[in-house]
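Below are two complexes that have subunit A in common, paired first with subunit B and then with subunit C.
What follows is the complex of A and B.
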C-alpha cells in the first residue's frame, strides 16, 4: 500500500472509532442520569400501567447493553430510531431541523474567521498602535461574555430598542444576523490573537525581506507572501474551534428560538428523549471529526512541505 | 570610472532592550560603476547592516542617524518607503541574502517567485512568462530547468536555492547587486561554482556588485576593490592587490596575515589578540585601539578619519 493510501485508511478508521466511542459515552451518561422519559412524557399523574406500556414500547426495561446494541444495529441500517417525545422518526426530526443549524453555524463561522483574520492582520501591521490595542481589548471583551448573555443583550438592544432585526425565530433573512453575531464574535477573539502573532512572526522572516528587495508592492508582500504563510496555523485553529462553535450554537438557538438541532437537543435532554439526544450527539461528533479530517486536507493543500512528505 | 554609489558618513543605531547599539558609526566608501566591490570584516562589524541600509530594509528598531547614501546623484536616505519600492528596489538595486533556505518563500513555486520579479516591468502571456523564467534559470547555470519550475524551495538543495535566489534578483534587472555572504551556507565545492556563476553574470550583464563577506579567499578571488570594516567603521578602502601586497591599517594587516596560504600557514599564522568589541559600549577614539599593538594616547581619544595614502587607497589610522 502506498504511504498516501495508508495515511487515509488510518484516518478513516480512526474517525469511525472516535464516532462510536462518542456514542457509547453519550449513551452511558444519558442512561445513568436520573429521570424517566415515560414519566416526563405522561406527567406525574400517569398510571403505573400506562408508564409500563410506554417503557415497553421503547425497550426501556431491557438491560443497557441490549438497548445499546439495538440502537447500534438499527443505526447500521441508517435508522436513528423513534423519538419518545414526538413519537416520530428521528431521521425526519433531524432532517427538518438541520438546515437552520447549518445556516447559523456557517454564518457564525464565517463571521468569526473573516473578522478574526482581518483584525489579526491589521493589528500586526499596525503593531502597538491604537488599532492593535483595540483588537486586544475587543478580543478580551468578547471572550469574557457568555454567549447566551451576549445574545440576550443583542436582542434587547437591536431587537427591542432599535427594532433593526426580528427578535426571534426565522422570519426573514435578517433573522440570522443577531444569533450569528452572538456566536461569531465570541469565536472571532480566538482567531484574532493567534492571527496577529502568526503575522508578526511571518513578517520577520527573511523571505519577506527578500520579497521587498525585489521591489514588490507592500500590499502584495502582505496579502500574498505573508498571509499565505500566516494562515497555515489558523487552519488548525479552525478545526479546534469548530466544536465550540457547534456547542455555542446550541445555547444561541435556545436564546433566539432558532428551530435547529441545538434547541431540539436541549428539549430532548430535558425530556430524556434518548434516541434523539444520541442521534444528535453522534451527528455532532461526526461533524467535529470530519472537520479535523477536512483541516488535514486543506493543510496539505496550502503547505507544499506537507504535501510531499505524505 | 564613474561612481555608482557613494556612502558618506553613514550612521545607523539600533534600539535594543540593553540600550542603543551604535552599529554603524560613520561608514565611507564609493563603488565604481562596473566594479566588484568587496566589503570585508568580522562577524558583527556591521557589514550586513550597511547592505540593508542601502535598500532601506533594516529592522524596525533601526535608526538611520546620519550620513548620505548617494546612488546616481540621488540620496536614498531622502526617499520615502513608496519611492524606494517603486524606483529603487529590484529594478535598480537588488540583494541576495546569506541564507537561501529562508530567503525563498516556502509556499510558492520557483516559477511563481521568479515570475514576480519579471511581472513588475513586463506584461506577457502565461507561456511567455514561463519562457522568460526558463531563460533566467539558465543564466545561473541550473540543470534541468524545466523540471524546476513547479518545484518548491524545500525540494531543492542549498546550492540550487542560492542560484534560484540570484535568478530571482537578476530577473529584476538591477544595476547594483548586493550579495550578503551568499556562500556562507554552501559547501566549499559549491562555493567555487557559485562564485564562477556570479562572476560570469556580472561581466555579461555589466552589473556592479557589492560583495559582503568575511572570507578573504573569496575577496582575493573575485573582487577588484575592498573596503575593510571594523566595528561599524571603514578602516581601509583599497584596491584588492594592494590589500594583499601592502595592507596599511594594523587591522587589515592582521586580517591578511591571519589567513595565509597553506604553505606559510604553520609558521606565520597570526591571530588578532582580544575580541570584537560590543557595539553597545564601543571603545573611544579608534575602535581598534584596545587590540592594536601600536596604539598611542591619541588613538584612545580621537576618531581617525580616512585619508588618501596612494592611488585609490585610503586608510583611517593615526599612526600611518
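What follows is the complex of A and C.
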C-alpha cells in the first residue's frame, strides 16, 4: 500500500472509531449516576405507573447493550427519538430550530475568521509596531471576557440604552448582529495570533525573498505568495475551534433568547428531557468529527507536501 | 597584583555556585521585564487578597437580605448597590472570589491529575495503551466542553463538586495531549541518549532530565487551563447548572442581574467585570510565562 493510501485508511478507521465512541458517550450519559433513569427524567414525585410507561417506551427495562442497540438502530433509520417534555419527535423539534442556530453560528464564524485573519496579517506586516502590540493585547482581552457577559453588555448598551438593535429574539435582520458579535469576537483571538505567527514564518521563507529580489511589487508578494501559504493552517484552526464556537453559540442563544438548538438544549437539560439532550449531543459531536475529517482532506489537497505517514 | 587575582578567582567561584539557579533567574528576569505579565500578577494577587480577607473588607454578610433596600443604586453605604433581595453586591462579589478560586483550583487539580497520568502512560508505553488513550481523547474532544459539561451537571445535579467533575471529565484531555507530546520529544532528545550511554539508570534519567524538563510545560499548562476553568464554571453557573443561588458565584450573579438590567445594571456588569479581571490576570501571566520560558516563540 502506498503511504498515501495507508494514511487515509488509518484516518478513516480512526474517524469511525471516534464516531462510534461518540454515540456510546451520548448514550451512556444518562446512566452516569446509579439512579433509575426513568426517575431522573420524571422527577421524584412521579407515579409508579408513569415510571413504568417511560421505562417501557425507552426500553429501560432491557440490559444496556440492548438499549444501545435499539437506540442506534432507530438512529440509523433517521429517527432521533421522542421528547418527553414536548411529546413530539426530536426530529421535528430540531428541524424547527436548526435554521436560527446555523445563521448565528455561521455569522459568528465569519466575523471571527475575517477579523482574526486581517488583524493577524496586519500585525505580521507591521511587526513590533503599535498595531502588532494592539493585536496581541486585544486577543488576550477577548479571550478573557465570558461571552455571556459580553452579550449582556451589548444588550445593555446597544439594545436598552442606544436602542440601535432589537434586544431579544429574531425579529429583523439586525437581530443577529449582537449575538454574532458576542460569539465571534471571543473566537477571533484564536485566529489572529496563529495567523500572525504563520505570516511571519512564511515571510521569512526563501521563496518570498526570491520573489522580492525578482523585483515583484510588495503587495503582490504578500497577497499572491505569502498569504496563500499562510492561510493553510487556518483551515485546521477552523476545525479545532468549531466545538468552541458551537459551545459558545449555546450560551449566546440563552442570553439573546435565540430560538435555536442551543436554547432547546439548555431547556431540555433543565427539564431532564434526555432523549432530546442525547440527540443534540450526538448531532453536534458527529458534526465536529466530520469537520475534522473534512479539514484534513482540504489540508492535504491544498498543500500536497503534508506528510502522509503515520 | 596577586591580590586582584584572588578576588577574581573568588568571583569566578561565586558565579559557578550561582550557575544552577541562573536558568530560573533568567526566566524570572524575562518575566519581570514583561509589563503585561507583571500586571496580571498584580490582578491575581488582588483577587487572592480579596478572597482571603473578604470578611474584613466589608461590613455586610453575603447572605444578609434587606427587603427595604432592594435594587438600590451605588451609594456610599453600598458601593456597588444592592440586588433584588437587598444584599450588598460588592460583598457578594468579594465572597464570590472564594467560590471562583476554589472551583478553579479544584478543576486544575482534578483534570491535571488524570491528564498527567494518562499523558505519561501514553507517552512512556506507546503501543496499544497509547492508542486507546488517544482515541478516548479524540472521542471526548468531539464534544464541545461546555455542552458535555452541561449534560453531565444536569444529570448529577448542581453544586461545586459536580461542576468540577463535569468540567474535568473533558478537561483532562488537554493535559494528556500536552504531556504526551512533551514526553515523546524529551525521549528523543540527545541528552537522554547521552545519559543512557554513560550508564545512568532509567530512574535517574527520569528524575534528573525528564521531570525538570517537563516542569516548564506543566507551569504553562496550568496558566492556560485556569482561565478556561474559570470561564467554563462561570458559564455553567450562569446557565443555572453550576453553583446554585444563594451561594454568591459570579456566574449566577450575572444571570440574576440580567432580569433587572434596566433598573439595576450594576449587578450583571460588576459581576462580569470580576470574572474578566481574574481571567485577564491569569491570561497575562500565562502569556508572560510562555514567552519567558520559551523566548524563541516570540519576535
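Definition applied: the second predicted complex is superposed on the first by the 253 of 310 C-alpha atoms of A that agree within 3 Å, B and C clash if a C-alpha of one lies under 4 Å from a C-alpha of the other, contacts with A are read in each partner's own complex, and residues count from 1 in each chain.
Basically, contacts are C-beta pairs under 8 Å (C-beta built on N, C-alpha and C of every residue); 3 or more make two chains touch, one makes a residue touch a chain.
If you're wondering where the values come from, they're calculated on a predicted model, not measured in any experiment.
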Contacts of A:199 with subunit B and subunit C, given as first, second, both or neither: neither
Partner chain(s) touched by A:270 [first = subunit B, second = subunit C, both, neither]: second
Touched partner set for A:137, first subunit B, second subunit C, both or neither: second
First (subunit B), second (subunit C), both or neither touched by A:32: second
First (subunit B), second (subunit C), both or neither touched by A:145: second
Which of subunit B and subunit C A:213 touches, first, second, both or neither: first
Partner contacting more residues of subunit A (subunit B vs subunit C): C
Which superposed partner A:119 touches (first subunit B, second subunit C, both, neither): neither
Overlap of subunit C and subunit B interfaces on subunit A (superposed complexes): none
Touch list for subunit B against partner subunit A, complex: 52, 55, 57, 81, 85-86, 88-91, 94-95, 97, 99, 102-108, 116-117, 120, 152, 154-155, 165, 168-169, 172
Subunit C-facing residues of subunit A, complex: 14, 17-18, 21-22, 24-25, 29-30, 32-33, 40, 127-128, 136-137, 140-141, 143-149, 152-153, 155-156, 160, 197, 243-244, 246-248, 250-251, 254-255, 265-266, 269-270, 272, 277, 280-281, 284-286, 288-289, 292
Subunit B-facing residues of subunit A, complex: 205-207, 209-218, 220, 225, 228-229, 232, 302-305, 308
In the complex, subunit C residues that touch subunit A: 36, 135-136, 138-148, 150-156, 227, 231, 234-235, 238-241, 251, 254, 258, 261-262, 265, 268-269, 271-272, 275-276, 279-280, 283-284, 287, 297, 299
